[in-house]
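Note that chain A is present in both complexes that follow, paired respectively with chain B and with chain C.
The block that comes next holds the complex of A and B.
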């Protein structure tokens, strides 16, 4: 495994990378969203007189003076309806208007002058209050039972366990707070729209805008090569994007809208809260005989996305009897959407905590309990895992971390005023390979351009493209220019579901081979080619044959051909007789102040079996980033809904806490290197979400080991440990 | 943000001439500009005071003098401050971030506004921002709010860390207005919310803080500032304690104790100090730290937390006893 620097690193640290909000086309006007200040009801009227007269104001769109937007045809983890098309208010902080002015400040100040009158109703805003009346989900089966022959119900199987445990775990609303706020810059040239917008997939934006603007896809050009973090929140397209595009069309000039930090908490989606009641039954030796998880997820009344949180319990540990259920509590809150490892990060917190509690009851080391229930097949459907080396992760992790030093008695290890505990959990995430097309273009200057609609959210995806192309061509990585995030390039995978590298990687390899073949054809068929009619090969960036070799750039120059290119498509994985998933192990040490209760993570190691790791340097960042987000989930993140008003009570970056550097210890990441050749020749499964899954459970378990306190409700803040 | 006039006078007299109702002094701007952008503050005249001669950190026979424009970071790292008044230095270094500490002045710090989320959000009501409109924090999101000195009108904390250390040390502020100069003990400077939470202190319209004076206190060298919060840095206190202990012959002779993050003003704890002077154990003395606390639904943990924070601070300074 060879590590290379992020190909776009220098651009990012010098400010040369141009993000969606960084565009300043001539005659640019600025949009500013107006948002609702009730959670449920309707708008009776909006007094825009003062605002319309304010300096610099060009236009003021409201439900009473909207830009026309057509209904969305599909659901994309975002709003079901486009903004301003009626006077309904469905949540606090909903986009109810757009002010466009000559400057950002003018737009913002004019927005403050608009007076909105509502007819308000009491919102449904408390997830806890809604739990008793949780309802079946809008999609997916409400209950899944996998029972051994002769077993009639999961409760019967549980009753047969020698040791059983039932506990309820909860997680709060979390949100993504990516570094880059959502932003859209749009302009029209005749009937052609060019749009720079922060997104995890330019094709998603084309599709969505086609629907709502009512124009052909061919007329929409979405460009977004750099993204300052997404974590799921830039998958859906949010209100400001169609409004900005439509306003630019109506005004005949470019418009840019950047959400304020506060708006990033409500105009775009969040991770719903959850509750899971987990029951485990085990034999005295720790063998699980029944796993039951009744999961409930919050769901916004404005869309259908919810987290089937219990699902992970169907696949992670072996058990002859499994049961999960899925229910939702519908709330009048902003849109619920995907967030890093949707369902699995929450699901894992409950399952990994419950396993730890069971180990305690069994008097067993929690690592041994997990080893015991490791399984080569996917428990829900008995398909064999394609390539699973979890035992090796456990062993290597335990050894390097010093797991044997863990005291089996909670609350017994201290270091000065700090109680010290160790915890662990299994890390995991599903894998798949979809269809992707990629173009590789070999240029006469000796460079190769690799392009496709993929997105690099800061993940290192573009560097993966560069590495694979360079390796295929046998040239230095620095001679490859990746071009991502442009809807005019071949359709590749959007960034989501940890599927970018597993899907796009094989396509990059195929396209590189195809470009080499095109180069060989040119070399052997072009009239002026010194290789004409000969047997040649392409290696180390050179055409070789007849005792002669020439770099492809030199040959193109000689032949006066500016470039050759090829596009290739890698299909969806045809494999149906195996199941794909990455596995690993988290180990952590947490300290809790004996007087004031602050929990602080002091050590971390994660051992990762995720197939081929294309670039360990950026992969390490992905794993560490997931773990850091998991530490935030465990200890800090909690977007509090006010039950009375439906307003988020702490919707600012000062009040919604995410970890800062001082909260994070050195994070050790070790990769096993077992290519998953059943998934693809490349053998890479993907790593974007893996790190967060299990992280919160490991922290909770370490806190229990440190203090003897089992906290089942995230986040584990100091008040719960006093 | 509303349009405003801007002036940057060179002399104190000039600044005072411009100041009055509807004006605001601009020092580091880390509170003022922030709140102007949110429309929470909308002064008509902004008077940049950065050219005024309000600098200097000087340790004299009567104590420490800090010019109102001295930056938080410069004060914290000043040799005499760090050596003679560790609690001041630590309170400053545990505040905000390096970037903010480099900009923010001590005068501005003492005048900073509460971090109550309703105060900062123009879409909600708030007695402090808009007198008589109501206090949604009483039943709303109040995990961070005060438990001491609250009223039905307001339960917002005073957010400054260094003010807690200064109140413990009996510091005063020197004020200068068009009518002359005066000194006010910081403990008297801040006002409880009562029915008028919008009146936060005794500063008169147009009056300028020129200097902070900390009396000489030999044993302030044995002092600390403990700040407890959810994350390790870059957050306001859930509870904090500024403690100095006069330890002679293994005995506690005297002590200064004030707490932050829990009071509507920086909160001195005379009862805890008296208990310590009377030779009570740290445990018993610190148990008095939350006397009179009136918690709300989300912050009852602060009652216990503040006692433990005081205990921890006492032990840090003087070991356990």
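The block that comes next holds the complex of A and C.
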């Protein structure tokens, strides 16, 4: 595998990449969202008189003067109902109006003039208070038991363990904080809608707008080639998008609405808080005999998304007896939604911490305990893993990181004022291959265009397209032009679930082959072709045959044909007798100041077995990014709800802390190279979520090793270490 | 006190009144906003002279993006917390979201669009590509404008110093280690 610079690099470093908020159609008007200032109740009235008279105001939509939006037909990980269609308030910061004005300043200031009267009720806003009355989930089985023959309950299996451990781990509300605030620019040409909107998949927006605007999909063109980060938060379509589209239709002019950063915290969803009570039972040699995880997730009253946080305990380590349960605490808070490695990032923090605690009780090295319970089958259903090389990850990581220098006695390694600890955890994420269609077009200028509705959120997906197309055609990567994020192109995978490359990659390869075949047909059948009637091949970007070779662009030019193209569809994986998942190992060093308790991550290494890595350069960055988000989860991130008001109290980028440059050391990333050929010929499994899974657990384990303090409640802030 | 200072104070006074939305008639003074409430401001952006009549409430960031259609400069928070809107004013790095464009009279601005010389990228821009110092690219213009200034200020002597000096620019994709490498490459 060779490393390639991002194909969109020159655009992104010069400010020329155009994001959703960067569009400026003629006669553009500006939308500004009004949001609720209570968490539960209803709106009695909205005094819009002053605002409507304010300079530049074009329209003011509220539940009392709404734009018509039809109910959503399908349930997504977002709002269940479109905005402004009734006076209900379900959370603090809910969209309750849209002001449209000639300028942004006019819209913003007019919004401040609206006075809203509510009938307010006390919100349910404390996850902790709700835990005793946690209820079965709205979807999924409440309990899964996998028990060995003759075992009647997980507790019986646990009791048979020579060494047992039970502990409860909790995680707070976290949120994505993608750098690009959600933005939508919409305009209509007759009955045709063109919409630039930040999304992880343009098809998702088409589907949703079709439902709520009540128009055919063919009338909706969604364009979003550059996305300023997503992490799950741009999968759902949120309130500002249909409002902006409908307002543009009503006003007969383009409208742009960009959420303020504060609005991003409430309007577009967050990762729910969680609690997991983990019990492990082991034989004296460390063999797990029982794994039990009772998981509880927060869930917004506004939708049904929750994290079945315990699920990872069903698949990560071998044990003859497994039990997980799923419960929810329903809260009057903004919408709960998917965030990078939903359920598994939280699930791994609990499981990896518990394993470390068990190792301590057993007097075992935590790495040895994990080695001991590595398994070639998926424990929940006994299906063999398609391609698992976790032991090699452990070995390579331990060696390169210097794991043998870890002191088994916590709190014994110091460096000046700093207590130094090492920790590790298993990294993992599931893999799949869905259906995708891709088009490859070979042009007479010698370039190839590869297109599909995929999204590049910063993942490097467009560069992956370029690499695979270039490799298939035998031309330099720079001669491939990827076109992503356009709903007019063939339906490819949206960016989510670490499934982009595993799903779209094979389709790019098929489409490239199909385009080559189309080129060969043209070469051998076109009347003016010098290759007419000959046996030819396509290699190194050239048609070859009859002792002659010609670059495809030259041949197209000669024949006066602008391009040939082909679209191919790669089906979803038919394999049902194997399970697919990536594995790896995190190793980290954390320093804790002995006087202030401040924790600092000082070293990191992650060894990754994720199948084929198409472009190691961008893949390394993506894994490191996941780890860095995991460091944030471990040490910083905590979106606080005021119990009285249901308001997020720290909904700014200065108050909801995410890692900054000074928080992050060098991050080492090593890839094994084992193509997963059972998943696809390409053999790529996907890496978007992988890095964050296990990262917080590794940090917590290193902090225990440094200080002897086991912190089971994220984030691990210095007050917990004093 | 210069006349620039005087008029700046009036801009703020007008901005404060306007932001609560009251339509109070303003007394006309020399150098004050004109009857329509707009103020005139002239400055250079990337070497090109610009003259705008603007709402005194408009920030430099919104003026660049919505009036001059220089959308390379990004709005990540609009509160001076993320660094995505960093530009250079008279050679110094400035958060354009916390700067009213009305204060830019006579100033010399450089934005991300003005860094390259034609097709030749600025060494920092090239280093960001070489070192993969970005993923989604949204914070990148601000990161690069900060990096150029940090290097010029001599605040890039060690990895630690680079990390500290670049910490006003948040990158949620987590490109930090590569950004440090890019600054080092550009330094040498």
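Simple rule for what comes next: the second predicted complex is superposed on the first by the 722 of 722 C-alpha atoms of A that agree within 3 Å, B and C clash if a C-alpha of one lies under 4 Å from a C-alpha of the other, contacts with A are read in each partner's own complex, and residues count from 1 in each chain.
In the analysis below, contacts are C-beta pairs under 8 Å (C-beta built on N, C-alpha and C of every residue); 3 or more make two chains touch, one makes a residue touch a chain.
From a predicted model like this one, the values you see are computed outputs, not experimental measurements.
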(Q) So in the superposed three-chain picture, is A:595 touching just chain B, just chain C, both, or none of them (first/second/both/neither)? (A) first
For A:10, using the defined touch cut-off, is the partner it touches chain B, chain C, both, or neither? Pick first, second, both or neither. second
Comparing chain B and chain C in the superposed model, the one touching more of chain A is C
>> Going by the contact rule set out at the top, does A:649 touch chain B (first), chain C (second), both, or neither?
In response: first
- Task: Figure out whether A:640 sits in contact with chain B (first) or chain C (second), or with both, or with neither.
- Result: first
| Once the shared chain is lined up, is A:177 touching chain B (first), chain C (second), both, or neither of them? | second
Kindly classify A:719 by the partners it touches after superposition: chain B alone (first), chain C alone (second), both, or neither? first
Quiz item: Is A:37 in contact with chain B, with chain C, with both, or with neither (first, second, both, neither)?
Solution: first
- [ ] Once the structures are superposed on A, label A:226 by its partner contacts, choosing first (chain B), second (chain C), both or neither.
- [x] second
Q) Looking at the overlay, what does A:575 touch: chain B (first), chain C (second), both, or neither? A) neither
Both partners, chain B and chain C, contact chain A at residues 105, 109, 112, 652, 654, 659-663
Per the touch rule, the chain A residues reaching chain B in their complex are 37, 105, 108-109, 112, 417, 593, 595-598, 600, 635-636, 640, 642, 644-645, 647, 649-650, 652, 654-655, 657, 659-663, 717-719, 722
Per the touch rule above, chain A residues touching chain C in the complex are 5-6, 8-19, 21-22, 24, 50-51, 54-55, 103-106, 109-110, 112-113, 176-181, 226-229, 231, 258, 260-261, 457-460, 617-618, 620-622, 624-629, 652-654, 658-667
The chain C residues in contact with chain A across the complex are 18-21, 23, 55, 57-58, 62, 65-66, 69-79, 81-82, 84, 111-113, 115-116, 121, 125-126, 128-130, 132, 134-141, 144, 162-164, 166-167, 169-180
Touching chain A in the complex, chain B uses residues 1-2, 39, 115, 117, 120, 122-124, 136, 139-141, 143-144, 226, 228-235, 238-239, 301, 304-305, 308-309, 311-312, 315
